[in-house]
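A, B and C label the chains in the order they appear, each numbered from 1.
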């Protein structure tokens, strides 16, 4: 992974970040590092002044910090500080500057099998044992790693990365700067059957999948093709590993979905929704912008999930979920109280009769 | 995916469906479509008369409907109607007629590596970068897409489709018309170890897997080989994406299992069982015919699941699950009631003493 | 899977196991089998004397049993018995002796693409359509099956087995005798982003993954690379299929994790922990040695899980979980009791007034 360049001075980095620095602006930074392992030539970050108080030594050449004075007092030996309200964000941007993604020169490995009618830009990298089908188009700067299989009539935009073993079925559309990790499968048939006495007949799975710009899909994530129409993953959306997206789902822009979540058919997830890991969605659900759904939650078919934080199986507002659980934890005590009430009532009645 | 043929007239389709039509039987139908996007030359469907009432325009050339009169009144511009009690089923059958699965001519790509002792029917399609092991047999009409790896002594029946990147370990048996989506793994070692002071010793995983006719497995679904004996997926059974089937499971015929469900070792699932997504099964469970298990349910090891609808962790009959949850939702109110009872009792006691 | 050798006599097996035998030590054993299907030439086992009582016939040539006398009385026709306190463990060891893993002769398939600077031991087996990157080293006796993709600067130890379709990203370290089942992905980017107004920026994912000796990973299991630093799977640890291990996790030695469990970033799991299937872990959790976590459990971010058996969402000690659930099952009855108390109290009050 050492695809680092020649490094940048602290002054150059601060300028690129549109931030200020204090200390020696001419120190050269080669790499990003975490606080503990940072050494000379590296830049680290602390997110808060409070976190800064817990750091007593740091061998980094530069620290990104929310407060210059506090940083300087805690760590007088660090030669330079970049100051910004969002240190983690700045650190991510510095990492992108110092460590650009692995670059592949334009190349087509001789073992790749590319259909005559495929239209591959001359700047594309194609690794060993790749297959590309008829009528497929791949645009400039895209990198297709070993063992990727791409069907017929697929369109892949610019500057994408398809990691090893990705499979794209026929008729899929992929935007620009999309990253598909190893084993991603896009366009397998949706899970739709119609039953009669003989067993199951396949409901037609003839639609397509559209993956918009700047999407990243984790290893082994599967996005099924639509029955009719399309399955869509919106611009800038990020899915973790082993996520399942069913047929005809419409997932908006800048949505985040953690690992192993499963989404049944025809679910709509609006822009900017955040979803934890191992969540399950029944079909025909609509999740509105502003909703956050906690890990392991379950959403019943047909539900509308409004803005707010949701939790549990089936989902409830997090506050209610916590309140109800606190009440439920008192049930053993309640049983004792009921027993005691009974006893006292009996006593009262007995005394009365006496 | 446009592998459509020359189309059929409405009269021809009605005859193939053993249904009646009203209107113009000579209209030619080329493709299936959903109601909203249907245009000339397409056939759509409505499942119920009620659904029909909500449709106000339809540009399809033919509509499959449960009632000719109602359909005609709602949509007088549609030139023809096919009438049947099960429109969705008829639609699925029409789709299969109009859009037969992608056909591959018999072919062996020169990059495929096929063992000398493998026995491959002359009508088989074998894509690029496929490997086939010693003693393996593949029967007529089967299609093996790019990057599939098949071990030694595997037997694959007629007219199967193995999508890209499928892995079959040694000694697996696959029936006829089986569809394995991208990344399916069949025959990896079951998860069985014996512990001693030194750590874990592998319990032998020397059995096999049998996949019967007309099974379809979703992308990245894994079916482990038996420890001893066999793991079986019965005829006509359909599994969604990312399902895990442990060693020595016996899954019956026409079983449906939704995405991300996990089944531990030695579980028996009888014919016609329906299982939702993200369900978990402990080992040595028996699920009887007639059982339906809701999504996200958990079944404890060794259980027998009787016919009926089951829900929850651990599973309960759906009715009981709902009833108990309704009661639990009243616990906060119950706490108030207990408090009030205490207050009243205290008052009563006090009055008594006075 | 018939990679059996010439067989061993009962006397030889008993000596290798450091156990005793009774009966005919010269009987030759060729294979392991389960009790029901065992025939001449095979060895089976019973784990307990109680289990032995339920066996009435056995055609095995040798039975491994915890008690020679009881075994002989139950099954007088079996010619030989090996006696040991841990029959299942002995059976696993016998299986390893009689059925050594499939052996591949040193070989490099001509379709494999191996970088000039890769350093591959002469005893390695490399199957068809494999890719190996620059600076990667593979040590003696390792077997790399068809379609495996290995990145740059990877180090793979001795006697490993990489099943078909495994992907190792750049800079990964794999110990000795590691088994990676089909579709395992090691080193994909961790799921870390920083949000600003524009959307998500990738947090740097520049760390690595270390898989120690004797680890086995199930089909399609994914282990993400660290953001900074390393993700580690300790010596002798076994993961089932479709497990997700997030960035910077530190998983100890001899840990067992069942299928479809998901582990968020920066989780520490200490040695000898046992984890069921479909468990979910939030980030920054520490699971201490001696903990056992039941299937489908959920652990909240930041928790420390102490030794003991844990269950539920969120996890509780199994005893408490059971006790609370028993109490909760009584809630309907409690509602009736409260109603009755109210009635009696009312009556009491009414009588008093009268």
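The rule we apply is simple: a contact is a pair of C-beta atoms (placed from the backbone, for glycine too) under 8 Å apart; a residue touches a chain by one contact, two chains touch by 3 or more.
Small disclaimer: the values here were computed from a predicted structure and weren't measured.
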**Prompt:** Between chain B and chain A, is it the same set of residue numbers doing the touching on each side, over half shared, or a different set?
**Reply:** different
**Asked** If chain A and chain C share one sequence, what is the angle of the rotation that overlays their CA atoms, in steps of 5 degrees?
**Response** 120
**Prompt:** chain A to chain B: how many Å between their CA centres?
**Reply:** 27
**Request:** Would you please write down the residue numbers of chain C that are in contact with two or more other chains?
**Result:** 111, 129, 147, 165, 183, 220, 242, 260, 278, 313, 328, 331, 334, 338, 341, 345, 348
**Prompt:** So in the complex, which bits of chain A are touching chain C?
**Reply:** 1, 32-34, 37, 86, 88-89, 91-93, 95-96, 99, 102, 109, 111, 127-129, 145-147, 163-165, 179, 181-183, 214, 216, 218-220, 236, 238, 240-242, 253-254, 256, 258-260, 277-278, 295-296, 313, 328-329, 331-332, 334-335, 338, 341-342, 345, 348-349, 352
**Prompt:** For the complex, which residues does chain C have touching chain A?
**Reply:** 111, 113, 129, 131, 147, 149, 153, 165, 167, 169-171, 183, 185, 188-189, 191, 193-196, 199-204, 206, 208, 220, 222, 224, 227-229, 242, 244, 246, 260, 262, 264, 278, 280, 282, 298, 313, 323-324, 327-328, 330-331, 334, 337-338, 341, 344-345, 348, 351
